[in-house]
Structure formats: structure tokens, C-alpha cells
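Which chain is which? They are A, B, C and D, in the order written, and residues in each are numbered from 1.
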Amino acid sequence: MVRMKFSIELAYEIFDRSADFIFNIEAAQTPHQTVVSEKLDVSQQVRQDSYTDQRLAARFLRLQAAAGPLTVRYEATVDINHHAASPTALQEMPISTLPLEALPYIVPSRYCQSDRLQKFATAEFGMLPRGYGRVKAIQEWVRNHVKFQSGSSNGSTSAMDTIIERGGVCRDFAHLMIALCRAVNIPARFVSGIDYGADPSLGPTDFHAYVEVMLSGRWYLFDPSGVSPPMGLVRLGTGRDAADAAFATVFGMVRSAPPVIQIEAITDGGGQLVMPAICDDLLSTSGLETETAA
Amino acid sequence: MVRMKFSIELAYEIFDRSADFIFNIEAAQTPHQTVVSEKLDVSQQVRQDSYTDQRLAARFLRLQAAAGPLTVRYEATVDINHHAASPTALQEMPISTLPLEALPYIVPSRYCQSDRLQKFATAEFGMLPRGYGRVKAIQEWVRNHVKFQSGSSNGSTSAMDTIIERGGVCRDFAHLMIALCRAVNIPARFVSGIDYGADPSLGPTDFHAYVEVMLSGRWYLFDPSGVSPPMGLVRLGTGRDAADAAFATVFGMVRSAPPVIQIEAITDGGGQLVMPAICDDLLSTSGLETETAA
Amino acid sequence: MVRMKFSIELAYEIFDRSADFIFNIEAAQTPHQTVVSEKLDVSQQVRQDSYTDQRLAARFLRLQAAAGPLTVRYEATVDINHHAASPTALQEMPISTLPLEALPYIVPSRYCQSDRLQKFATAEFGMLPRGYGRVKAIQEWVRNHVKFQSGSSNGSTSAMDTIIERGGVCRDFAHLMIALCRAVNIPARFVSGIDYGADPSLGPTDFHAYVEVMLSGRWYLFDPSGVSPPMGLVRLGTGRDAADAAFATVFGMVRSAPPVIQIEAITDGGGQLVMPAICDDLLSTSGLETETAA
Amino acid sequence: MVRMKFSIELAYEIFDRSADFIFNIEAAQTPHQTVVSEKLDVSQQVRQDSYTDQRLAARFLRLQAAAGPLTVRYEATVDINHHAASPTALQEMPISTLPLEALPYIVPSRYCQSDRLQKFATAEFGMLPRGYGRVKAIQEWVRNHVKFQSGSSNGSTSAMDTIIERGGVCRDFAHLMIALCRAVNIPARFVSGIDYGADPSLGPTDFHAYVEVMLSGRWYLFDPSGVSPPMGLVRLGTGRDAADAAFATVFGMVRSAPPVIQIEAITDGGGQLVMPAICDDLLSTSGLETETAA
């Protein structure tokens, strides 16, 4: 089991009379991720709506803040209990046996236009044996063909841009890997977390984007950018792509400061807690999804 | 109440050893749409999985067919019970009071890149008074600036293309209206049905695409293409855009024939059943959505 | 006649062993623009190739610089002799009488995809009476629908982006106006100069992009951004779009500083020289082009 | 020497009162391509303007036709005198020695957005030794990654689409090869001709698109689609991309029939004339271009 302690601080200046915010910075609560403790501070005394997407476990915080400064600070300690599997044992699922809940993740989405990448993906990956190896080939292709470059992409950059322009940040790596998986009918989705273990030369600790791919009935974690080991993922948001899992969506005239984030792994003397590390197994923090047939 | 009787016949030729299909042609079952009778025929004796998306009431039929011809025929009679509202009474909802279930419909999606249309939509519609009038202005803008032209668009055409190229079919009208609504923070989504009442000069009876916009806590129906009155909508699929509500998704080497569709409205002597018509009220076939706050 | 004195200073740091540069910063020499004096300084002692595109009068300076700093400084005084015409007297030219040299400027180019804007332009401007009024309507449309915003566009931004995203700098205004003119078969091209008279709040003096439109056999000047009066144009480059008229094209690993530019109008006591100003006439610095028929 | 005899017949129905046409179907007259005989028939008795672009030798025919049918028929016999070179002897030219006339062919154009493909091309071809081998590698990459599919592209398809969607016709192959060459600073341009020797299964004889790449000071011919040997090229048009070399540009309400084209190679008894064939040498029909330095 991995225990992660982290804090996120977001600071804004609101210029309008008011501005609305929807945050997705609280740790998801799932059978595999337990919140040991958490604390949320909002600098303005305003009504807060908290709600959870039951299917995806994503927790949203909505508030309307008044003109002036706003700071939102969240800290939590979470325990993450991974399901590990030997990659070679994992299978792609035929369309005919995909669980219902996987179906939204084989169609194209805003940043993952898998429909337009079908010929490309079929040419590159169509001949490979079905299974984990093919997913790994897609991940390697993305890692080998795209260069990590801060500032080379923006909020409207999609997989179609990244596959040509060959540069981007973690979210662009994730979008391209997702689009390529879906283009060969492998369900893939977007997970947001924090880049624990990232090389400090890439900049201060930041949010991170991972990919989940369904193999043998479970969602397994991949980090196509290679920046942060999947074992270090604290799940914040889950969805089709970044449109579903933004850490903050802001409505109004607002200036934002860069997020200030800290994260560390905690181990105790008893040895039950381990440090997140790169490992040979594939890791999942989802249960086995079963098909919903009539 | 409106009673609609319709049939859909889809014919395919499968060239591979097998091909997978996911259909979304069965009538949704909702508090506002009751299936009086229905019948499904699949020409091949194959296992069929039927499942329903609980949130959206969309019914999916999945099957794996063998090489050779495949015909799928569905017919149903449904009763539709509309909630009608005077347009002037309907309000846009501030972000702070939007029900949780509306939130996926203010973010961009594959065919509705509302993020890129924000400046355009703000310039055109940002100054208009909030409310139904603004939604109607968006619908009129789309209707006045886009020309209905069969064959002018294809499966990868999105709102970004349509806003420039100014031609398309019903799904393109729907995508553009949805994108423009979301770009000014009005939740909007895609509904598929059948083009009851369409001008025969547009071709044989076909599937149709409508828009649902949330006003005062309900989803109200709009037909930006002006082809088919919202009162004639038989709800088949619902989603963010056409990626979620395709009538058929096909995996494999398959040739399709054009769908053969018939639809008629049924009235009885007692007068409880009316013909679908264009009306001044806005119509909804959804209940009042309430906010999911903590 | 207008006399303009200007200087341009470009500074680079070259990281490779060498880097190649093609500059287009020298004043064009045409029957309407006379170079009174000029001076070019290149900080590195390297071979310089100077050549002139005879058709467009654009002057190019090519050089290969070594690792380290490079500064290129050019200053000139030029006399510009405008042909002025009353707008109402100017006609659009039918395709059948367009001079040969205008034909490259009715086809689409990299940043002016007039082919894709044909339906849009026909819908907006197709019904207007032919002539200057239609060109002015296009210019006004661009000025009213696009907002001047430094940093809102980049080197790959084209008319297709600007028409949707509604923000940009002078080159984006020019590209969009050019694309819309070509889309209704009016020849239009790109001219680069310096933003004499620009509002200092837009930033330091910079290069500027204008549009030339052919009416009644001559190219007339337009400034769709409204930033700098056409009378203040010192012609540097001319072409289909910014791809043809970049002030500097750099090949190699190079860091650039922002250009440092100064420009002033010079008047003498005799009154032959006037200050560039906004005027009601249309101005041209090209001669009458005559058709090249067999 | 190769002698080619060909005819082109274009048929239109004009619905407006009149329509304008610009044709580029006459054989270019160059030092390497001599028109032995030619004949042009236009079915309507209308004024015809013929003019030649002196730099590119392209011949244009412009006419305004009246409502009703229009047929344009051109036939010619041309002698083509190829310059052949051993590929291994040919060099890429450094930017610093490129002839002036090559410079328009290293910048991006409508259908060849080389600026956006720079990272892609540098990653794929940046490490290869400079020279013919690199051009051949680009040609092979295009041939291996794009599939010839009639109807898979349209008039707005560009290199950016083809590199992703991986299907197209000869013009798409040409655009992609051109864009990739320019992206690594190799001048490349578009040539139109007729698909002599094409496999009849691809359809009736049609226009064809070739690529010219500058190596060691000359333009050499490449056929990235592999459909027609460069030795069979009859040069009609030359330019940056298809926007410059359309066989017909039509202004007005017009219906076109597919072109009817015939082409054959002619050999005599004396043996001076050979059949066009695939050969190991690179072929050029341009002279040596020399740099225009000050």
C-alpha cells in the first residue's frame, strides 16, 4: 500500500463583481483510494457546493466568489491500494464483451479525435498481436515521437495537433495515447493527479495527466509522458479527456497564479507502506468491471 | 399526448469473418416516453446484448454478426407526454445553481468545440439578455447562416467546420447550436430521433438530430435545422454530441445500405392524441433536474 | 509626397556552429517609392547576398552567421509618391479582364484559405454591389469582428482560426481580409511595412501588415487593423501572405530579441512633404497593371 | 528523347448567364519540352485570352462562356528532352547557396503547411545524411504510409490531413512529399501532367501530380504516388501546390463532366525516340538554376 500526503494551493484575483469556479482537486474516494485525512480552506466566506460523480468518483467543489483575492487550499493524506497484474496475462477485450461502462471510452472526444486517427493507428498498430503488448507499443510510440516541452501547447491543443507537432506536456501525451488506443478499439480514458517523483528540471510540482486502459476487465494505469510512476497517482479526476477532468474551471474575469503543490510518500516503521516506484507489473486502482448484459 | 409509430430497417453486408455492431435504435423509455409496443428482428441468429444507460435512458443493442447479409428491423409505437412551458417564463441558470447532471454539457466535446468558439459566441450573443431569448437567438443565427445541403458534410465534420463552411445536415446544425450555447455557458446536448414531418424534397425519411438546452432546470427541445417539429421527436439516443448517439457503430469490414425508415403519428377518436405540430410553447420530455449539493 | 525615415535593429544569439538568415527589411525600390538614402550594418563580417524579386520589388538579404551574437541594423529615408483615387470611382474587375499578375492573388494560400471561406463570404458579401463599397464592407467586417490582442495568435494562426477566434494582431487582420476578398474573387495580397502612427498603448513601434486589393487595375492599400494609416506605409515585402513577406526567416538554433524600430515622417519648409494621415481617398503605390493577353 | 501525343477534352454545362474559366491544359514550352504540334478547339465562339507565366512557362487560357454547353479540346504532340543524373551525385543545397528562384518553394503554402510539419520531419528525416537519399527516404515514407484511394480526399484536403488520414490521390501524395521536403529546408514544388502508364484499375486516364525537388541546382522529378513514371511527364502547370496548377478554375454556376484524356508515347524507326520507363537516374526537364547574387 502507498500513502501519499499532498497539498494544493490555488490563488486567484477576481475582477468582476463575482466569478464562478468548479474545482476538481479533492482526492477521489474509491475502494482502492481511502482518504485518511483531509482539509479544505477557502479564503472567502462563500457557500460551497460539493458533489461527487458517482460513476467516476470525481469530487467537485463549486463556489461563487466575490471580487478580490481568492485562495483555495486543500490537503489530504490518502492510502492507495493497488491491484497489480503481470502484463503478459492481460488481454484486450473484444467489442462483444466490453463492459457497458467502457463504451464511452472507445468513441472520440474533444481532445482525442480517434475517428480521424483510425487509418494511422491501424497502419502502425493494427498488425500487432492483441493484448498488453499493443498498448505498450502505443505508449512507446507516443513517448518516442513526442518531446516534453513546457509551453509548446495550450488549452486547445488536441491529439491531432500533437501527432503532427510532436511536442507537448503530460496532458498532450495522455490525449495522444488515448486517441490512438481508441482508434484501434481499445477503451482508454484520462486521469488527473499530481506529478510525484517528476524530475525537478521540468519545473515545480504540478498536476499530472495519466491514461487508464481497459484490459481484462479492469482499468490499468499508464504514464505515456514517463514523468511520474503510476504507483504515485493520487486520483483527482477521471473522464474522457481534459475537458472532463480540469482541476479548475473558471467563469468570469479572473487572473490565476500558478498552482502551488506539494506531495510526498509516507512510509512507516511497520513496512506496510511502500514508496511509489516504477514496477514491472501493471497497476490498477479500479475493481473488475462486469458486463451489463440483458 | 402524441403517439408515434415508426419502423427502422438497417441492412449490411459483412465481408470479414465477423463484425461487431452497437445499435441505438430502440425507443428510450422515460417517464415522458412510454413504449406501447415494440418488435425487434435480427436476421442472423446471434447472441444479442441489450443494455440501457441509466442516466440517459439510451438503449443499446450489441451483437456480433457473421460474414454475409445482416438485417436489423425495429418497430415501435410510443406515447410521448410533453411538458410545455411558455418561453418567456424560462430562465438561463447561473453556473452556481446548475444541477450536477448538466455539467458535462457545458464543456467541449468532439464535434462541439465550444472552447474555441468562446470569443465568437461572446461577441455575437454575450450582450443579449439572459434567458430563452438568447437561446432562440443562437438557434436563429444557426438557421440563418447555415444552409441545409445533403452531402456537404461527413462523419468528421464538426461545429468548427460548419461555422465556416455554412452548409450541412441536421447533425451539423445541432452541433453548431450546441457549441454556441456551451460557449456562453448554457448547457446543451444532442438528441437523436426521426425526422417526422420533414419536407419530402430533402429525401426519404431519415434519422434526425435535435438539441436539448437546459432552462429553469429542465431540458427543452430545439430543432435548429427547422426540419422536424420538436413535438415529433421520438427519443432514441442522448449525449454530448453525435459521438454518443450514433444509431449504429460498426466494427469491421461492412457495407451498409441507406436506412429505411417510416414514421407516422396516430390519433384516435377520443381526442387525447394530437398530431405533432409546430407550437409556440417550448417542449420538454425530461423532468425537473435538481441540484445535487452536499 | 511623403518622406519617411526609419531604422530597424534586429539582434540574435546563434547557438549552432552557424545559422542562415533571409531578411526582408530593406525598403522596396519602385516607381512610387524612392530610397533617398540607406545604410545597412551587419555585426559579423560575413558574406551577404542581396537580391531583388523583380516582380514584387522585394529586397532580400541572405547571410550565414557564426555562433555568437548577430546584429543587423538598417536605416533608410524613402520618398513615397501616392496615387490617390476617389473610392467611388473604383471598380472591381471581372475575372475576364484581370491582369495576369493579379491571378496568383485570387487563389488560396497558406494563411488565407479562401477556398474554405467561399460560402461564408458569399453569404455575407455576395449580395453587395460590386466595387469599392464591397471591399470596404469586408474591411469593416474584419475590424468589427476581430479584436486586436497582442499574444493571442502565433506563427501558425491563419484566417480560418481568426474568423472563429476573433482575436489577433495586424497580420491576422490582414490574412482574414485577404481571404475574404479572394473568396469573392477580388485579388488581394499582403504587404509588410512599419506601424507608423500606431497608438503607443499597443506596444513599441513594430513591423506592420497591410492589404493591397486590386480595383480598376491598380493595387490599393487597406489597413484592416486600423492601426496605421496606409499613407504611412513604407513597403518592405509583398506577397500572397506572411509566408512570402516575413521580415526574417531563420534557419538554425537561434534566440531573437524583439525588433527595435523607429520611424518618423519628415516635412520640409517648402511644403512638398506632407505628414501621413488618414484620408478619404484610396491610395496606391503601384502603377496601372495592364492585361498580358496573347 | 520522349515524344508524347495526348488529348484532353473538358465538357461543361453553364447555368448562369455566363461563367469564367481559366484553363492550364496546354503543354508548357520550355528548352526541355518542345511542342511539335498542337490544336485547341473551343465549342463556343468567344474571345480567348492566352498568356504565359514567363517564370514557370505555364500557359493559361481564359475565356468567358455563355449559358449552355461548353467543350474545350486540346491535343498536342511534344518532345521531351530529359537531363538525367545519377542520384548519388546529387546534393542538397545549403540555404546559403539556394538560387533565388527556389526560395518560394521552401515556405509553406495552402496545401503544404511545412511550418507545422517541422518537428515531425526533423524527427523522421533530420538525422539522415543530406542529399538524394534523404529525398528518396521522404518519398518512400509517403508511399509506404499513404494509400491510394480514389474519393478519399477532396479539394480542401491538405498535407496536414493526409499525414494523419493516410489515404488520398496523386495530388495528396504530392502535397505531403512537398510539405515534408520543405519542412527540412529542401525546395520542392508541384507539377501537373497526365498519368501516362498508370494502372487501368485506378480508373480512366487522368491528370497527374508530380513533385519537383531541387538538388545540385536543378529541379528533379519525383512521383510519390508511384502511379506514373517521371519520364512520362508532359508538363502542363508548375507552382507551389495545386492552388497554382489547377487544370481548370471555374467561376460561376457550372456542371462539369469528368475529363476525357488520352496519351500515348510515340517511337519512330530511327530509335531516337524511346518509351517512357522507370529508370534509375533522376530526370530533370529544367536547366541549371544559378544564384542571383548582388
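A few notes on this one:
We take it that contacts are C-beta pairs under 8 Å (C-beta built on N, C-alpha and C of every residue); 3 or more make two chains touch, one makes a residue touch a chain.
Molecules present, by chain and UniProt name: A, B, C, D = Transglutaminase-like enzyme, putative cysteine protease.
Since we're looking at a predicted model, the values are computed, not measured.
Between chain A and chain C, the least number of touching-chain steps is 2. In terms of their C-alpha centroids, the spacing between chain A and chain D amounts to 48 Å. With centres defined as mean CA coordinates, chain D is found 46 Å away from chain B. Per-chain Cα centroids separate chain A from chain B by 30 Å. Among the residues of chain C, those touching two or more other chains are numbered 116.
Every pair of chains meeting the touch criterion is listed here: A-B, A-D, B-C, C-D. Of all residues in chain A, those touching chain D in their complex are 116-117, 119-120, 123, 145, 147, 160, 163-167.
If you check the complex, the residues on chain C that touch chain D are 20, 22, 48-51, 53, 60, 62-64, 94-96, 100, 103-104, 107-110, 113, 115-116, 155-156, 185, 243-244, 246, 249, 251, 291-294.
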